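These notes are about the structure you will find just below.
Labels A, B and C are assigned to the chains in the order they are written; within every chain, residues are numbered from 1.
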C-alpha cells in the first residue's frame, strides 16, 4: 500500500533527516513509529503526502509515485490521505462543522465552498464523521471552546470526511493527558479496524505504543532500526531505538 | 551595589539631554516666552466664555446639521473605499502569502501612500474633482488604503500556519488555504481595524472642510473668522457629540467582534 | 438516522448589520456625489496637478521654505514633549489600576476622551483666536493632540499591567503616590518611550498642516502655493518633510532596539 524506496531527506543546511529508508506498509496496517525527537518520525510521515519532498528515492502510495507526482496528481493523492496533528490545527474561530467540512474542500467547487452552499452529500459525510468520533452534538461550537481531546477528535473527523484510505497521525496525543490520550488512540484504532484505513502514528510514549500498536517501527537519527510486531519488542529494543536507557518521560503512565 | 550597565545609563542621559535641549531650542526658535505661556489660560478662558450660551437658533441648526452629517458620510464612504481596496492588497503585501519581492514592493507602495496626510491628498484632488465632499472622500479613501493595507498585512503575517498545513495535506488548493485557513483567522481583527479607522476618518473629514473638501470644518473656520463665537461653539459641540457617539458605538461593535459569540452545548 | 444538533440562529450583528452597512454605504456614496462618469471626466484634468507635481522646484523650496520647515519641526518637538509628559501623570489617574477613586477616575478619563474627540486643526483654529496667529497656537494645539493620544494609549497600558507589585508596595506602608511611582511607573516606561516616539512622528506630520489656519509652520506656504496650483513648489516641501519623518522612524526603530 505504502512503499518507501531508498528514501532520503536532507534539509537545506545539511541536516540529514532520513537515510536510505526502505519500507513497505500493507493495507489495513496499524503502524506506530517511535524514536527520539529529531529521529525523523515527522519527516517520514510527511514524505508520504509530500509535505516534505524526499531528496533521494521515491514514496509510493497505492502504486502511485507521490514524490514525483504532478500538482494535479498530488492533490488527488492527498485527498485520499487524512492527517492529524499534534497541535490539532483547527481554525479556532470557526465552528466544528466548518472545520470538518474543510476536509471536503478538494472535492467541492470553490464557489460552493465560499458561499457556504455545501452540497447535501458533503454535509452528510461531515455529520457522519462527527458521529463516528461521538462529538456530533458539538457541531456548531467554536473550535477554541473545546478541550484538547475534543479538538483532536474534530481533527480525526475532518480527516475522516475525506473518506481516506490512509490516515497519518503526527504525535496526535503529545499535548493530551493520559486518559484523553487513550480515548483518542482508541478512536484511531477503532477506525482502523472498522473501516480498514491504513494508519500510521508517530508516538513518543512507549507504553502507549505497546498498548495500541500492532506493528512497530523504530527510527534513530534518520535510520530504520526496528521493524516488527509490537508483541516481539523488548525493553532492550527500545533502548536500541533511543540510544539510551528508558526514562519515565518516555511513558505516558496512568492518570492518578 | 550593582548599578545599571554604563552603556544603558549613557544612553538614558543622552536621550534626556536631547529632549531638554531640543525643547529649549524649539521654544526659543518659536519665540515662546514665559509671558506668553502665563497669559494663555486667561485668553483661552475668554474665548470659551464667548462661546456660551451656544447659538441654538433654528437658523444655526439648519446650517450646521447637514454639514455634520456630511462629515459622517465622507468618513464612512472613505473608510469603505479604504477597506475594500486594502483587503486584497494586504494579501499581496503579506510575506507569508505573496512572494518576497512582491510583498516588499507592495509594502513600499503602501508606505508611500500612507506618508501623505489626508489634507495634502485633498489638495491634490481639489483641482481635479473640485470643491465638495467627493474630494474629501477620495483623500480619506486613498490614505486609508495605505494605513489599512499595512495593518492588515501585519495581521495576515501573524497567523497560525497549522490550519493551512491541514488543508494542504488534505488536497486543498492554495486558494482553499487562503479562504479557509487565513481569512477566518484574520477577519475579526481586520474588521475591528476598519471600524477604528472609521473613528479616525471622522475626525479627518471634519477637518477637511477647512480647505473646502466637505464637512463641518468650513463652518467652524467661517464662524471663527466672523467672530460669531456662539455659533462656532455650536459647531464644536455638534462635532464632539457626533464623534463621541460614533466612537462609543464603534468601540462596542469592535469588542463584540473580537470576543465573538459563544454557544454553549 | 443520526440526531442532528440544532443549528444556532444567525447572529443579529451579521444578519442585520451587514445589509445595513451595505445600504448605508450606497447612501453615503450617493450623498458625497460619487458618480463614475463625472469622475472619469474629472480625471482628465489631472495634468493640472500631475505636471507640476512631478516637476519639483528644489531651489525655490530650499530658499523659501527652510525657515518654515525648521519651525514645523520645532513645533512638533515642543508639543510632543510637553503633551506627553503632561499626559504621564494624567494617565495614571485615568486608569482603574492606579486610581481607585471612581469619581476622579471618571473625570480624568472623560477629560481625555473629550480632548480626543476634537480634531487637531480645530484646536489650532481656536488657539489662533485665543492667543493670536503664529506657532504658539500651533504648539498648544498639538499639545492637546499629543496629550489625548498618549493619555489613551498609556492609560490602556496601565489598565493591563500586573497589579501585584503595586499591592505589595501599598501593603508595606508606602503612600499611594509612592507605590505608583516605584511599582507601576517602571512597568510602563518602555511603552511610554515607544508611544512618545510614535506621537513625535505624528506631530511632525500634523504640524505641516497647522499653517493652513495660521498656526505656524510650512502650512502657510503650502496653502498660498496651492491656490496658484504651484504643486511644483509644494512637492519638494512634502518630500523634505517625508525625509524627516523617515529619519525619525529609523532613529526610533534603532532606539527601541537599544532600550528593549
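Just so we're on the same page, contacts are C-beta pairs under 8 Å (C-beta built on N, C-alpha and C of every residue); 3 or more make two chains touch, one makes a residue touch a chain.
From a predicted model like this one, the values you see are computed outputs, not experimental measurements.
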Practice item. Consider the two chain pairs A-B and A-C; indicate the one with the greater count of contacting C-beta pairs. Key: A-B
Exercise for review: Considering only mean CA positions as chain centres, point out the chain farthest from subunit C.
Suggested key: A
Review point. So what's the Cα centroid distance for subunit B and subunit C, whole Å?
Key: 8
**Study point:** Rounded Å distance between subunit A and subunit C, as computed from the means of their C-alpha atoms
**Key:** 51
Check your understanding: Taking each chain's centre as the mean position of its Cα atoms, how many Å separate subunit A from subunit B?
Key -> 47
Exercise for review: Scan subunit A for residues touching two or more other chains and write them down.
Suggested key: 137-138, 140
Check your understanding: So which bits of subunit B are touching at least two other chains?
Key -> 263, 265
Review point. If you look at subunit C, which of its residues touch at least two other chains?
Key: 5, 8
Check your understanding: For subunit C, which residues are in contact with subunit B within the complex?
Key -> 5, 8, 11, 13, 17, 24-25, 27-29, 31-34, 39, 42-43, 45-46, 48-49, 53, 70-71, 73-75, 77-78, 81-82, 113-114, 117-122, 125-127, 129-131, 135-136, 139-140, 205-206, 208-209, 212-213, 216, 222, 226, 229, 231, 234, 238, 242, 245, 255, 258-259
Study note, to complete from the structure: Listed in rising order, the residues of subunit B that touch subunit A in the complex are 160, 162-163, 165-173, 175-176, 179-181, 184-185, 187-188, 260, 262-265
Check your understanding: Which of the residues in subunit A come into contact with subunit C in the complex?
Key -> 127-128, 131, 136-140
Point to revise | Footprint of subunit A on subunit C - complex, ascending | key: 2-8
Check your understanding: Where on subunit A is subunit B touching in the complex?
Key -> 49, 51, 74-83, 85, 87-95, 98, 102-103, 105-106, 110, 113-114, 137-138, 140-142, 145, 155, 158-159, 162, 168
